[in-house]
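Have a look at these structures, which come just after this line.
One chain, chain A, links the two complexes that follow: it is found with chain B in the first and with chain C in the second.
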Partner chain A sequence: MIIQNFNHKMAAHCESGTITSLLNHGGLSITEPLVFGIASGIFFGYFHKMKSFTFPTFIVRNKPGQMRRNIEKRTGVRFKTYDFKDPVKGQQTLDQLLLQNIPTAAQVDFFYMDYVPSWERVHINVHFLVVAGKEDSKYNISDAYFPRMVELDASSLEKGRFAGGNMSPKGFIFHLDKLPADIDYKKAITKGISKACFYMLKIPIPFLGITGMRMFARKVVEWPKFARDTEHLSHEIMKINILLEDQGTGGAGFRFMYATFLQQAASIIDKPELKDLSDELMKIGDGWREISLFSARIGKNRDLGPDKLKMLSEMIYDRADVEEKFFKSLSKAVK
Partner chain B sequence: MDDLKLEIKKLIMSTLAINDIDPGEVDDEKPLFGGDNALTLDSVDAIEIIMAIQRTYNVRIADQHIAREVVRSIDSIARFIAEQKTNTVS
Partner chain C sequence: MKENEGFVDYPEQQMILYVEKDDGKFGPMQTGSYLSANYMDDYLFKRRNLEIELREQLVNGDISPVKYYMVLEDLSFSELAARAGIRKSKVRRHIDPKKFGSATTEELGKYAVVFNIPLANLLQIVLIKDNNSFEANLILENKAVKISVDQTVTRNPYVVLTKIEEKHQ
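After this line comes the complex of A and B, so read on.
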């Protein structure tokens, strides 16, 4: 039985889309960009040498789970969360929630979501979706990356929820517990923007924010040292495009989604200057898209000489410069 | 609409430096990716096309899910550009 009145909607990103979906079902009319912006979803981090990564990489959003916690802190919404050691208990709890007509978000390893064609499935332990019903041994899944509701075998959902490895889901589920009587959007939006600016401009960790972006620009020319061969290097360089464009970022490494948030925020809190900043960020996003294209092109053509990596480095330095200016203006706008 | 579709075919070919196919050979409805159209493209070509469309028609295809649908065929690209232009005018 599919939960009554549950409306499936596609979204740009799985975590912000899942949170939006639960809030909308609970009766709160809020958009995904607004959730993303209030939750300070925009971010940058570069990881040159980390135990958990076999090759240098970067992130363009805050830590998985942080969006949910930030939404709670800034709006007064409450989610109830559960994690499990025992898969049987994990399934029983989920089934009980569904019997109570409660759509429930789950963290899964994307690889086991077999409604996705096999060639698109990769192991990512931080994919989020909404379980919105169960019929016999199949769950009804609302996955923000899919145009319609899909079905998933109980065994596949269990494998996804209890997959091992880095950031393993441990059966994690959550659902809406309480909506506040009123939300102070001005306060929530301002706080969300201020925190995002802090993380981009002032966080005193050299691989995060704008300084992290500059580290990425400086270090990308060293990537050949980490690669086994040209094939491996081209794969990793092409991954820049995937991380920016193809992993539920809403385009240009979440920059387009954050620009949409600023546009919506401008009218909600009556700050027209946010609209101008939104236009500026769209253009900044176009520059990230140029980086995507450049990386994809040199990777595909195996054209990975030092001159090309130097060009890529300069393009990233340029994004750091324009984003630094942008976030300084944004910070000033909400002071 | 037919003029727009022809323009799109020429734009794709010049962007991807394809010289060995006549625009008339490209089917409007058949998928451009992994199908049996005269033009068969890959995901890197898709970004090239998205950016060429943005530069030429001043319409941004931001979200990747929408992008996937838009660049599916010549028909879908033409429909998207026409809709965006109508929205901008109205």
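After this line comes the complex of A and C, so read on.
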């Protein structure tokens, strides 16, 4: 049985897409960029050495789960959340919610989602999807990264929901509980932008925000020493493209989606300067896209000598400079 | 990015890209993955080479089966220990090919869940003859021309049914 009137829709990102989908189903007409922007989704963080990762990496969005919490705080929407120690209880609760026709979002390890081609699957505990029905032992899944609804075995969903490790989902699920009578979009958008600017410009942690971007630029030239061999280095350098483009960002490490948010925000709160800034961010995003394409090209050609990594580093430094200027202007625009 | 610059024809991996439409408005466009469309062969080539290299080390006794899957699935040592719920000191032993034998069946079962493989595959590598060479089924994923391999879990957590059959041409 698939939940009545549930409309599956692709989205750029799994968490903002899942939240948008639940809100739309509940009757709130809101776009994914608006959810992403109000939730201060845009971010940057560089992790040179972390026990959970096999290689240096970076993120371009805020902490998983934060989007939902920020949307609640800033719009008055309420989600009901559950987590579990016992997988049996976790499945029973999910099934009961589905019987009540409640589409329910779940946090899973992407690796066990066997509707995904195996070459795309990686162990990452922070993938979000909507469970929108169940037939026998298969769940109907609305995954924002897929053009259509898919089916997933109950055992695979359980493995994904109860995977251990860093940011373990612990069976976490949530659904829409309450929509507010009215949303103060001006306040929500302004708060979302101010907080994003704080994270990018002022957060006092050296590997986050613009300083994190500069750390990435400085450290990327050291990547060869972490690699097993040239093919491994090539794979990791090409992953820059995946993290910026393919891993659910809407392109250019979320910059294109955030530009769309600013364009929509400009008309909603009648602030034309946001429109100019959205045009500027779209151009900044084109620069990130050049980094993606450059990484893919040098990775494919195994052209990974110090000169090429230096060029890559300079391209990232350049993005840090233009984004610092951009976020300062954005911060001023909403003061 | 303009709409016409962003479109990639690759139905196998679709995604949403935010672009500038003809009327100047920014919005979503469904498109294919640029990376997969242009570089999939290279990715598969590297993955196949890595599997061959690790398999060679495995059959020579230079690495343990736990290490083989840990590297293939890009898991760090700490992450594997946390996911399997096995103490780091024990995982360290199980990574060592000489001490792998100290792992209990229960511990192997925990690794198998993390790696999403039948427990039996920690003690065997299924190879299929494709064209003129034997390739790991893990890499081929039933893309071999003549043979398909299906491993079905059973209600007994220690037993997997491995069905090998000729593909109908």
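Odds and ends about this structure:
Quick note on the criterion: the second predicted complex is superposed on the first by the 335 of 335 C-alpha atoms of A that agree within 3 Å, B and C clash if a C-alpha of one lies under 4 Å from a C-alpha of the other, contacts with A are read in each partner's own complex, and residues count from 1 in each chain.
We take it that a contact is a pair of C-beta atoms (placed from the backbone, for glycine too) under 8 Å apart; a residue touches a chain by one contact, two chains touch by 3 or more.
Predicted, not measured: the structure shown is a model, and the values here were computed from it.
Three-chain overlay on chain A, with chain B and chain C in a clash. With both complexes superposed, C is the one of chain B and chain C in contact with more chain A residues. Looking at the shared chain after the overlay, A:51 reaches chain C, while chain B stays out of its contact range. Of the two partner chains, neither chain B nor chain C is touched by A:1. By the touch criterion defined above, A:311 lies against neither chain B nor chain C after alignment on the C-alpha atoms of chain A. In the superposition on chain A, A:164 makes contact with chain C only, not with chain B.
In the superposed model, A:99 lies in contact with neither chain B nor chain C.
Of the two partner chains placed around the shared chain by superposition, chain B and chain C are both touched by A:245. When both complexes are aligned on chain A by C-alpha atoms, chain A residues 10, 12, 145, 238, 241, 245-246, 248, 250-252, 256-257, 260, 282, 285-286, 289, 292-293, 296, 299-300 touch chain B in the first and chain C in the second.
Against chain B, the residues of chain A that register as touching in their complex are 10, 12, 145, 238, 241, 245-246, 248-252, 256-257, 260, 282, 285-286, 289-290, 292-293, 296-297, 299-300.
For chain A in complex with chain C, the touching residues are 10-12, 32-33, 51-54, 111-112, 117-120, 122-123, 144-147, 155, 159, 163-166, 168, 231-232, 234-235, 238, 241-242, 245-246, 248, 250-252, 256-257, 259-260, 263, 278, 282, 285-286, 289, 292-293, 296, 299-300.
By the touch criterion stated above, chain C contacts chain A in their complex at residues 1, 6, 12-20, 25-28, 30, 33-36, 38-40, 42-44, 46-47, 49-50, 73-79, 82-85, 113-114, 116, 141, 153.
Interface residues of chain B, counted against chain A in their complex, comprise 42-44, 47-48, 50-51, 54, 60-65, 67.
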